[in-house]
Amino acid sequence: MKPKISRVLICILVGIILLGLTSCGREAGYNIPIVCGETNMNNACGIATYGVNYYNLGVKAGDMAADILLEGADVSKMPVQFDPNPALSVNTAVAEEIGFKIPEGVLAKVTDDSTLDVTRVDSAIVSSGGDFTVGILQLVQHVALDEANRGFQDQLSVRMAAAGKTVTILSENAAGEQSNNITIAETFVGMKVDLIYTIATSSSQAAAAATEEIPIVFCAVTNPIEAGLVESLETPGRNVTGVSDINPVADQIDLIAELLGKEKITIGLLYTASETNSEYQIRLAKQHCEAKGYSYVVKGINDLNDIQNAFIALKDVDAIYIPTDNVLASGAATVHSINIGGQ
Amino acid sequence: MLDTLLAGVCQGLIWAVLALGVYISFRILDFADLTCEGCITLGASISALLIWKELNPFLSVLVAFLAGSIAGTVTGLLNTKLKIPPILSGILTMISLYSINIHIMSLATGTGGTANLSLLTFRGNTAYAQVASLLGLGRVYSSLIFGVVVVLAVSGVLYWFFGTELGCAIRATGANATMCRSQGINTDLTKLCGLALSNGLIATSGALLCQYQNYADVNMGVGSIIIGLASIIIGETLFMKFQNFYMKLTGVILGAVIYRVVVAFVIYSGMPSTDLKIMTAGIVTVALALPTIQKSIASSRLFKKARRRENGRREGGGENG
Amino acid sequence: MAEIMLELRSVSKTFNPGTVNEKKAIDRVSLNVRRGDFITIIGGNGAGKSTLINAITGVFQIDEGEIILDGADITGLPEHKRAKHFGRVFQDPMLGTAPNMAIEENLALAYRRGKRHSLRWGITSRERAFYREQLRQLELGLEERMTQKVGLLSGGQRQALTLLMATLIRPDVLLLDEHTAALDPKTAEKVLKITEELVRKDNLTTLMVTHNMKNAIEYGNRLIMMNDGRIILDIDGEEKKKLTVEMLLEKFSRVSGSEFTSDRALLS
């Protein structure tokens, strides 16, 4: 009798599984338009966003450095700058999936590459004996940071040439070891450079520790206040100022309004509660929403398992904004599949 | 140029404390302890946290030492009680410390996930700043004096400690654990003591470093074990002739200072710093190979001398014969 | 003061139980060592001689049986807690000393065997004088080289030093595990002489494992032969004095029913 019973059991089991699969099925999706702070994540689950271009950040920093060196601008009063020309990108594939039509006005502004056009003037950069000496401290070899370096040098050369001056540039790389940050910074101080350009947070902090006199322009620092580099974004207060690589939160929130095409909107702000940078961006988002009169709902998660619950809480918003966030970026695919329905 | 040199010496003195810690675990205890990279950050995070909470910065260095000792004890327990191999024990503690350090730094800001803590807003409250205002000298000179005092104190304590019964027991454990057990020494206990001391010193150097560069970052320990080992090797090569324990400690300290000064010089002379790592490897290789090279030069000289003598004799014989 | 210094009651140890390499190294060994006994232990390879010594000192825990030292049961104690009762010399001259520490530092360590290691200073000048006296008795000239690293000494000198370290604090039992096996004959002879003197001077209870049948017969008042983890011969007093190598071999084949097949023991 045993073989017969086991066969019956197997049939019942298979039946249960099939039943489960069919009844699970695809739930109705939320299909909420999402705008992400960071371009790569946006490509996975968002419909449109502004992206930060590191070359442009470098160009802006070069401008600031030139202002300090050529025009004697007061560093402590130079406000922190942001990407002057963020690139608008749209994700029509995702928009179609959630059944959202992107307005023509937005589509018209899309650019492939928002890199500013700056032609380097090689004659303005001399290997030694320039009118000015600038030390560059970059934390590590990395595409974004390399672009910030290149943009800075290009723009500085243009400004120097226009003023009829030359500059000697000492470009140093800490090779990813923070122990080299302070060594390089103090070497620059010992060489009495006229300005130090730092790329990345820890390099900027080391330079700020090494000198309180030599002007420092930083780049690719997401949160300069928290890094202790400036007292406020408008008034740095010391010898340090620069360009932040934070994604243009205000522009991105405005983009949401433009996409939705109406005035009274409710935005869901979704982020990971334990990430300081995300928290900072959400703060900026809230400030901008309040300034523009948009309502918002804030939802902080702890890990990717909370995304389901987050969507349930945000199901009635007009759109969701996700800042540049490490945990959510790693779960971009999950965010997308929950949004369009199913798991 | 002098300023650059002195700044290099200042940093070298901070790294010397770390090198002394690494010397205790690697050389004296013969324990390949990789907790180092997590431990230096631990010392920095704790010191930064306490300075944020407006505690005395010198006291924060002592607390950092205690925290490092605890971390070293954990590594030791993993090895002695759970029988996990030394290298893995160190790695496990080092990895755990990454998360712990983030938690510590988050305690200061109140927001989770803080991976970087700046002391720039507390500039006046670091040990280095207080020494500078006390002595009335510039940043470099006061840091130099403070560094020398700290290093002398640490090496003095170590020299005394390793002359005591417990210190001798620890040294013997590293030399021959089997013999120690048959001589009634609890080798598990001596290992724990040695590792606690070693990592306490490493955390201390982290605390000093954080106050020197005015920030703590969860990744600041990357590459620190290499710096420690390179310092030890350079020092041992230079002071090979001396057997005295105090000279050995001095060698480690000088090795750390020399290493940092060489790095500063590489940058100062305009060599591309992307080549910094291969330069480090080159220096350490030369330091390691120096005795072999010296020996081969000496022996080839002797060989040439003998050959000349032989030829001379043959020629003389030929003439007469 | 008990008459029996060391007692082993049905002690067994199996290595790698349940695997292909399973070996019952010592099998229900019982032994009564009287105070003042100088016992030589011989046997072929794998007879269990070294295992017996390791079981006594606590290098591992035994599977069954008890070990009683001077009336106290030490079966459960870890090695370093038993160490104050035993002086031990290993076969490998490298094992008994710390090579990168000075002679006087090694002696200082031995002097503190069984005591707590505190933060008191490692060696005092009074101790140094004591060590110099002790080293002089070895007649090897080591008293002039007290601050030299032990690593510079020859094998024989290191074994002599280890012997001194083992007896610096009078041990309840002195355990010698083929301690002259790695030395050349002349040095081995010297070390054995030193051994005998030290044992006689303090009337030390001694267990000496040796592969050399001649030495086993010549030294000590009692001889034990082991085979396959068991004690198969225990010869004492007068009977031992009359022993020769041939007699031993004959006794062996009678008791164990096989030929004694250890070249080392036969040819040395």
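Which chain is which? They are A, B and C, in the order written, and residues in each are numbered from 1.
Note that in this section contacts are C-beta pairs under 8 Å (C-beta built on N, C-alpha and C of every residue); 3 or more make two chains touch, one makes a residue touch a chain.
Computed from a predicted model, the values in this text were never measured in an experiment.
Set against the C-alpha centre of chain A, every other chain centre is closer than that of C. The chain occupying the central position, as judged from C-alpha centroids, is B. If you average the CA atoms of chain A and of chain C, the two centres end up 73 Å from each other. Between the CA-based centres of chain B and chain C the separation comes to 42 Å, rounded to the whole angstrom.
Centre-to-centre separation between chain A and chain B, using Cα means, comes to 37 Å.
Interface residues of chain B facing chain C in the complex, by the touch rule stated above, are 161, 163-169, 171-172, 175-176, 178-187, 190, 243.
Within the complex formed with chain B, the chain A residues making contact are 141, 170, 172-184, 186-187, 189-191, 201-202, 205-206, 208-210, 226-229, 272-276, 279. Residues 1-5, 7-8, 11, 15, 106, 109, 111-116, 118-121, 140, 209, 212-215, 217, 219-220, 222-224, 227, 260, 263-264, 267-268, 270, 272-274, 276-277 of chain B are the ones touching chain A in the complex.
The touching residues of chain C, counted against chain B in their complex, run 57, 79-81, 83-84, 86, 88, 90, 94-101, 105-106, 108-110, 112-115, 117-122, 149, 165.
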